[in-house]
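In the two assemblies presented below, chain A is common to both, partnered first by chain B and then by chain C.
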Partner chain A sequence: MTDILVPQGQWEPDQEAALATWLYGEGEAVQKGVTVAEIMVEKTSFEIPAPASGALSISVREDEIVLPGQVVGSVE
Partner chain B sequence: MASTQERDLVRRLAHAISAETAVEDGSGQQAIDDDDALLEKVAGLPSGSSCLRIWENRNCLVTTRPIARRENFAESAELSARSGWPVHVRSSGGTTVIHRPGILNVSLAVAGGADRVQPNASYSDLSALLQTAFHKLHLEAFVGPVGGAYCDGNYNLCVDGRKIAGTASRIVRRKNQTAYICHASIVIYGSPERDISLISKFERGVGLDHIYATSSHTSLANIMGLIPV
Partner chain C sequence: MSLHDVAVEKPNVERRLTIAKAMSEAIGQEMEQDPSVLVMGEDIGKMGGVFGTTTGLFETFGGDRVRDTPISETAFIGAAVGMAASGMRPVVELMFVDFFGVCMDAIYNLAAKQSYFSGGKVSCPMVLMTSVGGGYGDAGQHSQCLYATFGHLPGMKVVIPSNAHDAKGLMLSAIRDENPVIFMFHKALQGMGWLGTVAGSINDTPESEYLVPIGKASIVREGGDITLVGLGATVHQALAAASNLHDAGIDAEVIDLRTISPLDRETICASVSKTGRLLVVDDDYLSFGIGAEIIATVSEALPGPLKCPPQRMAHPDIPIPFTPVMEHFLLPDAGKIESRVIAMLGEKK
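Then we have the complex of A and B:
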């Protein structure tokens, strides 16, 4: 199992980030490197790539506030 | 039907932004997707490269992926489409906005090099470009939030305390380069009241109860004295 992490150092610490969208559903197969989710900060979107190939497991729902380094899901 | 003066304002502002860039006539979703294609293209160019698009779109609402995944999206979008305002989806942030003749879209994609790019930096080039263009029309535009505006954000372009342009950006990492695109929708002419009514109707349909104020918005035509509000 490989954790999917919110990227670090891409926005200021006082800026609020939200997990805007999962582009794949729970249990769906994803390939390493594809964008599986998007983070929104100040109307700026960032991509989260799949860290490995496998089945997606989602642990943070859309619109939830997230912190850099936080685990938001995994690929098994 | 826009007046000759209103259309002239579109041309004047577009020329002030970039005399070398033709204004594209967009065709709905494709015009929106072209921004994503532009970003991918620029991401493959040497660091410091940039590409500018200036475009108008057909009548449509443009919402975000999170809103498009809400319950009742399909029904609300269908209702909007039936009234002549199809709903398209963009990849950048914010909430629902409107595209139509009289709203000038400007997209600037930049190859940012190896370093990471912060959100505020992704807005700075386009904000400066637009502020310079407004200055050529003898208008001072400021960057900041406007309470009560639809798709409000910290990087709106404002004149006289009202929002005249909304902005959003997208930052991607491709190979060893960060690339970003910043997009602005500038209201040149048309009724902010009608724009808000259309957006609010669609958003209510997907369960969002945002309340927007007409007084938070303005247009270039209004500022230049073409249309009394």
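Then we have the complex of A and C:
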């Protein structure tokens, strides 16, 4: 199992980031490198690539606030 | 050029994109192979577009080809018409279609007529991409669709994708077209978190280039009881309604227009010939709109009477309200479509 992490160092620490969109649903197959989710920081989006290939497991829902380095899901 | 629409090819694992990413990927790929393609607009440079339409292009191609403009639609859209006349292929962004007022002369008197007025000697290969649609409480000057306003004027093609796959293929077709193309994209489908996104708009989008033909609608669900025609966001509402109606024993066929002008009248008429019933759903103003044009088309073309009078659903003829309660009461949605269809099929059930 590989954790999916919110990227670090891409926006200022005082900016609020939210998990905007999951591009795949719970349990769906993803391939390493595809964008699985997008983070929105003040109307600018940042991508989270799949860290591995496998079935997606989601632990943070859309619209929730996230912090850099936080685990938002995993691939198994 | 005629690359095939690869909608039918399914790779093992899907590569899903949002419409925003699909649009910027298409523009980037075209800029890569055609030095005459460039982008202009407000906040389309470093910011990547308020709706993500030019994400990453500034970093790849630089400020000369991805040019931020002041709030000056009259100037930069007028400039694009001149660029298109002199061999370039500009893609310009009108951030909200609601702002068309200040630049409409450049659009419908210059761009749309350039080819006609020059006897076909000077074409106008430009793309004007613009956001449409409400539903998120942005009031009457940031929520309109104006499909019919643009569809009514000859000399321009007008397209609107309902999903990322079509967005990419339509954008490539639009940039390569010798005519001005108005490329509308619906905010509710764009994949920008702050607007919410309809999941169905995020779909498998091949990295390789492919064209979705302008002027060809798509049957996104087959059925025999009624034809539902939608575009952009209302395609997804119609699909959701069709799914519920199926459980109630009604099989709805759903058509995604994809292009407003030229309208794919053949696909619509063929479907209504089969089903005998028609409901057109759009989120533009009701009167003189898409629904009226499609119902007129069917009435003119089909010989026999339909099984019930054709109907249309749209936003009523008042400015779109700011208050969410009022806005959602007026805009079409899946529930309203479902009830209307049940009312139309009353005698059948």
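Here, the second predicted complex is superposed on the first by the 76 of 76 C-alpha atoms of A that agree within 3 Å, B and C clash if a C-alpha of one lies under 4 Å from a C-alpha of the other, contacts with A are read in each partner's own complex, and residues count from 1 in each chain.
Keep this in mind: a residue touches a chain if its C-beta (ideal position, glycine included) is under 8 Å from a C-beta of that chain, and two chains touch if they have at least 3 such contacts.
Keep in mind it's a predicted model, so treat the numbers as computed, not measured.
Asks: Following the superposition defined at the top, how do chain B and chain C come out on chain A, clash or fit?
Replies: Overlaying the two structures gives a clash between chain B and chain C.
Asks: First (chain B), second (chain C), both or neither: which does A:Val30 touch?
Replies: After superposition on chain A, A:Val30 lies in contact with chain C alone.
Asks: Which partner does A:Gln15 contact after superposing on A: first (chain B), second (chain C), both, neither?
Replies: A:Gln15 sits against chain B, while chain C stays out of touch.
Asks: Between chain B and chain C, whom does A:Met40 touch in the aligned arrangement: first, second, both, or neither?
Replies: It touches chain B and chain C both.
Asks: Touch check for A:Ser59: first (chain B), second (chain C), both, or neither?
Replies: neither
Asks: Taking the contacts chain A makes with chain B in one complex and with chain C in the other, which residues are shared?
Replies: Residues 20-21, 23, 38, 40, 43-45, 62-63, which sit in both footprints.
Asks: So in the complex, the part of chain C that touches chain A is made up of which residues?
Replies: 13-18, 20-21, 47-48, 50, 52, 55, 191-194, 197, 199, 202
Asks: In the complex, go through chain B and note every residue touching chain A.
Replies: By the definition above, chain B touches chain A via 64-66, 69, 91-94, 116, 118-120, 122-123, 151, 153-155, 167-173.
Asks: Looking at the complex, which residues from chain A come into contact with chain B?
Replies: Going by the criterion above, the answer is residues 9-12, 15, 20-21, 23, 38, 40-47, 62-63.
Asks: Give the list of chain A residues in touch with chain C in this complex.
Replies: Touching chain C from chain A are residues 18-21, 23-25, 29-31, 34-35, 38-40, 43-45, 53, 62-63.
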